[in-house]
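You will see chain A twice below: alongside chain B first, and alongside chain C after that.
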Partner chain A sequence: MKKISALLAITLSIAVLITLSAISASAADKTVKIGNIIPLSGPSASVGQQGKNAREMAVEEINAAGGIASLGGAKLQMVYADSESKPEKGVGEAERLINTEKVSILTGCWNSAVTYPTTAVAERYGIPFVVPVSVADKITEQGFKNVFRIAAKDSWWTRDQFAFMKDMQAEFNTKIVKIAFVYENGDWGQGFAKQWKKLAAEAGYEIVLDEPYPSTSTDLSPIVQKIRRSKADVLMMVSNAIDAILLTNTINEYKVSLKAIITSGGGHADPSFLKAAGKNAQYLFDIVEWETDVNKAGAKEANEKFKAKYGSNLTGEAVDAYVAMYVIKDALERAGSIESDKIRAALASTNLTSGPGMIVGYDAVAFDKTGQNKHASLVMVQVNDIGKGLERITVWPKNARRAGYTPVFPKP
Partner chain B sequence: MTGKDIAKEAQIQVETNDSTLLRKKIEKLSLLLIAGLAFGLPLVMRSPTYLHIVILIYFYAYLTTSWNMVGGFAGVLPMGHAVFIGTGAYTSTVLSLQYGISPWIGMIIGGVIATFIGILIGLPTFKMRGAYFALATIAFAEGMRVMVENIEYLGPFQLNGPRGLQIPPLNTGLSNFMFANKEPYYYIILVMLILVLGITWFISRSKLGYYLNAGGEEPEAAMALGVNVSRAKLIAMAISSFLTALAGTFYAQFSLFIHPKSIISLDLSFEIAFIALIGGRGSIAGPILGALLLRPVSDFSRIYFGDVFPGLHLVIFGVVLILVMIYQPRGIQEPLTRIYEKIVDRIVAKYSRGVTA
Partner chain C sequence: MLFILEDAINGILMGSIYGLTAMGLTIIFGVLKVINFAHGSLLMIGMYVAYWTVALTGIHPYLSLFIVIPAMYLFGYYLQDIVIKPIFKAEKDVREPITVIIVTTGVWYILDNMTLLFFGPQYRSIDDNPLKGKMMELGEIMISVPKLWGFVTATITAFAIYYFLQYTRMGRAIRATSLDRDAASLSGINQYKIYNIAFGMGTAVAGIAAVTLVPFYNTFPSVGVLFDIKGFIIVVLGGLGSIHGAIIGGMIIGLIESVGPQFMAATWTEAIVYGLFLLVLFVKPSGLFGVKYDW
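On to the complex of A and B.
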């Protein structure tokens, strides 16, 4: 009983404290607040940080160029929230950003598992939610009116990976028969694998390995043994950064012979991957939305600026985050208001084709009625060293291939 | 003994009776005051964000109190309670999504299933001592998570593997256990918390409670006295897993999205154990004090530092954990109880002096 009473005394004081802090709400000034829910700690912290840097750079540029003219030069103000890659944290943060920070727009969340429930919160409050890069198809298939996605959805990624395989076989006259699938066992990996299996069956490939693995593993050698035993021609992977490094290095250690490794962005596109895997990553093919050698006005300058500022190249995902800010700026400019439904209407009628933000590989950003950017497309790159150290070289589609480069296939 | 002595004795007796009565009165008053405050809080605190944080504090206090029946009173350290949270959440969600059964009914069914799982886990593991028991429960929980992550359909039930289940936020209402604002959730979890505290209080002074305590401290001595220690532990486990599963349903309905990584994760199991260790295992107030300290530390440090120094909130959380473990290994309930006692002593002393003078 005494213990109960002790607890009561404490509850009282804490309740008072919390109430006090709740009362001191923030005052609004002449800015447009944008809430960003991204993984700043936990397993995806590295990509989260990339996304944050890209957003910062875009917002600095927009604010330096005079902010939102139709709102009297209002500046964009970024509010970041850490999801730790956990859905319940993302949901809690969305509630906080909407209710306490009073943001006008939300962006995020990179992890599809976080984006999925978090967009539901935004939908409930009617706050527009711009998703730069969570690829799970279902995000734009929930019937939500406030969700807009810049990146291609995962069914498009797998579609292009298979189209690439077909083209490579024709170009180099090498046959691919057996393929192995190795993917992280989360939402993202399973989403890819489901599509792969369907496409492989349609194209008549033999699936010799179908292996999901937990991305938190510290030893993946059993998986690599399975890859070796499967005698696959092509290995297709979906990995986060840490496991991408681990798998690539272990595959080399075990001297697994493959004609090609085709990866799916994410961890393989993370700058830390090339640093840590080094030579082991040579000849790998990766699918991305963007590459530094993309032939677009301003792309090179933007990448150099980013590299000088943050010490790494822009990734496809960072570019999506960067473009997202310009899409938001464009929508705010046309909405001339920070009311949610006006911003939403402006976003829905987006047709952004030029301007400083448009450094993406495709020509326009415009959303279909589910909120998906219908112009989003992808490129394949190969990791190779052509005299300037390992770099990512665009190889597919063929008309986007870097001039003078011949892809190395099959892997020597 | 002279008559004078007897009279003096009687005088002291009356005085002590008076002061115990007074103590009881103070306790009752402060209990009522806290209950009143807790029920009135949403009237003052209008911000859904803070309400969200408080709801999660209660949620964790509830979980830890349920855990405490085994982890505190029975003296073992179960580290896999997320299994029961997952069982509750998945049962009610699958039943409501696929068969339209109200989550309230699913909540009870989930509780019953969790009870069976709890007994199944308890039967072989309660024979183990110390770290082995903790490790065995971790293994069960992780095994369960891996299984659910790899199961698309369990018979006719769609679990969706790692992609989890989303509850469409459409039909709000009491019978659907879904509300557009936070207040109903607040009151539901508050009532659940009060009930579970009541059950704990009741058990702690029942025969079962004494058996558990005896078995936890000196199992050999207790068995020599004829106490069926493992049976008592099993009963505690059954009650604990049932109650924990109810919170699983609450979580599912509150967050409207469940997936194995969030609801059957070791993180969740550990967090429950941390709260209990920080608050004080085996005491009624411990879990609540632990949740009141740790949850705000974790939430507010993430909110204020998560953006500036990524990951700093986890460091702060760890530091708090280490400091409390070094300086208050029996949890923060101990010093706080002492302070409370002192205050009551002073009041009682003042009051009785006032009466006699």
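On to the complex of A and C.
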């Protein structure tokens, strides 16, 4: 009898232990921590804030709709870390988020120079890292298994910029001969310039200026002088917000005559750019992943909701961040676990084609073996005033062009 | 040749504005013997004061000087009096109070982040001000009008401060304190009062620099950082504590930045500026116009 009761006691206590641990496990499963390393202060704070707002909106929607069903309705919990656009800060924050905050997934970091070393930290710990948008090609070319990029990489941006130039010359029967490149001297700008030079040589354009500049410059008129003296037909730029504003204003002050200015998103896509540059930004062509007039189900509603909440339109960066949350949600649903390798495997087999998050210009999110979203594509917009103030109007690809709009080319 | 002249003019104009942003730094260092790391933030605060004054009232940007100068003077005076002075007193026996430098770093972070909190990260500029985008065309040469105004303002400010320090009773007291604060105290000068006044002056000059920037530059919370680094280089180049050194140091940087890119990629001019900075530290640590003896 004594034996049996002792056995019973042991069995019971084991049972209690198992139940207890099961309870604590399910309690831990109630939230999934997502670490976000984005620039919330410093030179890119404006873009960082957009990304944060978009993430918040998506996560609110996902949580309000019942969270992750396969994890018992677990809610997504956001943890933010400020990179200040500094690589060393990004790396440090990644370590902290993984070791101290115990996040299951990381996202970030917008600045390619920050994302590049930071993804290496995630890879080392085997934590899946979703990159909504950081365009440097090399981010998905490190042979990493845990890096997934939603947006198009920069070689695709330049590919589309040159395709656009070719199409415009044909459509408007205007020849472009001389082109000038002006770009910020970070990873992002250098990455673009390298591609531009290759594409320009292939297409037979004459490069009259190839000018990197430090984006911390306080005076950009020397650069503008060089553009003016180069007598270029088309100016192609890569800039952060403050230098984009400064360059655009200065180009107008010095009355530089160009057939077109083609920019590369980033600073030129920042909502504060149009406010600060105003009329000087008219007729500029910008390449972006997304525009508010894009013809996709739910896009208009999402934009209106965002605008009502945060006072500005969704930007390409914001949409990528927004979609990223739905991609993560989709992967978590399929993984049914917060174990890193299961989430990783689920992300790798993503094929998201519909649902509330899919407001991007292309039709699907699916990653190739490098972790790059192979369906990502871009659109070109023109800044113009067609009676409702300056706005960004989708002009290319031609079948995505806003109905009734004819692009202004060459620039009057 | 004309190109170089055009670029040189732009360099001198922009450089004098850099000099003006650094002048407050040099005044504060000259008297307090403290590197004020919050100087960029003071410039940023000045830009916000100027921006809001002009944006809300619609007056000519330079008229905002009448509000910016007193506001910034009082801000600097009380910042020193309330935040920095207690630290100074705690470190009374130390010749170069290091903790004060750390306090100014704290002030920098607090001011920048408070501004971020209150005004958001947006870039603000005054679109309908009479100076924005104005260019003067002398034949082939184009000169930016707001920068020209900045140049004139910087020159007037430098002369006014020089006159004030050299020929007024208060100026003499400030110079006495900067030469030897203990001896000055023995002669009946209230050392801490002088510190407050010097800090107020430095801050007011940062305000003047802010007003010259507002017509053509953007106002945002981290704008100070961009000018801060330049400010330190200029001050070392021109000589810590030297008023005309700051202006001339600024002009040298401006010239390198403006003329340099015509011969090389703009990125290289930054390397040259920093190289020059190191060279000055090696060859003439007191700067081009700094005094030889240690004060």
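Miscellaneous remarks
Here is the rule we use: the second predicted complex is superposed on the first by the 383 of 412 C-alpha atoms of A that agree within 3 Å, B and C clash if a C-alpha of one lies under 4 Å from a C-alpha of the other, contacts with A are read in each partner's own complex, and residues count from 1 in each chain.
Keep this in mind: a contact is a pair of C-beta atoms (placed from the backbone, for glycine too) under 8 Å apart; a residue touches a chain by one contact, two chains touch by 3 or more.
These numbers come from a predicted model, not from an experiment.
In the superposed model, B is the one of chain B and chain C that contacts more residues of chain A.
In the superposition on chain A, A:241 makes contact with chain C only, not with chain B. In the superposed model, A:212 lies in contact with both chain B and chain C. When the two structures are aligned on the shared chain, A:96 is found in touch with chain B, with no touch to chain C. By the touch criterion defined above, A:252 reaches chain C but does not reach chain B. In the superposed model, A:41 lies in contact with both chain B and chain C. By the touch criterion stated above, A:87 is placed in contact with chain B alone, chain C being left untouched.
Applying the stated contact rule after C-alpha superposition, one finds that A:341 touches neither chain B nor chain C. After overlaying the two complexes on the shared chain, residue contacts for A:222 are found with chain C alone; chain B is out of touch. In the superposition on chain A, contact of A:116 is made with chain B only, not with chain C. The interface of chain A with chain B overlaps its interface with chain C at residues 41, 45, 48-49, 185, 212, 214. Interface of chain A with chain C (complex): residues 41-43, 45-46, 48-49, 185, 211-214, 216-219, 221-223, 225-226, 229, 241-242, 245-246, 249, 252-255, 272-273, 275-276, 278, 280.
Looking at the complex, you find that chain C touches chain A at residues 3, 6-7, 10-11, 14, 18, 112-113, 116, 120-125, 127, 133-135, 142, 144, 216-218, 220-222, 225-227, 229-230, 254, 257-262, 265-267, 270. Of all residues in chain B, those touching chain A in their complex are 26-27, 30-31, 33-34, 37-38, 41, 44-50, 52-54, 56, 146, 149-150, 161-164, 166, 169, 180, 197, 201, 251, 255-257, 259, 261-262, 283-286, 288-289, 292, 296, 299, 302-303, 306-307, 310-311, 313-314, 333, 336-337, 339-341, 343-344. Across the interface of their complex, chain B is touched by residues 1-12, 14-15, 18-19, 21-22, 25, 40-41, 45, 48-49, 79-82, 84, 86-89, 91-93, 95-96, 99-100, 113, 116-117, 120, 123-124, 136, 185-187, 190-191, 212, 214 of chain A.
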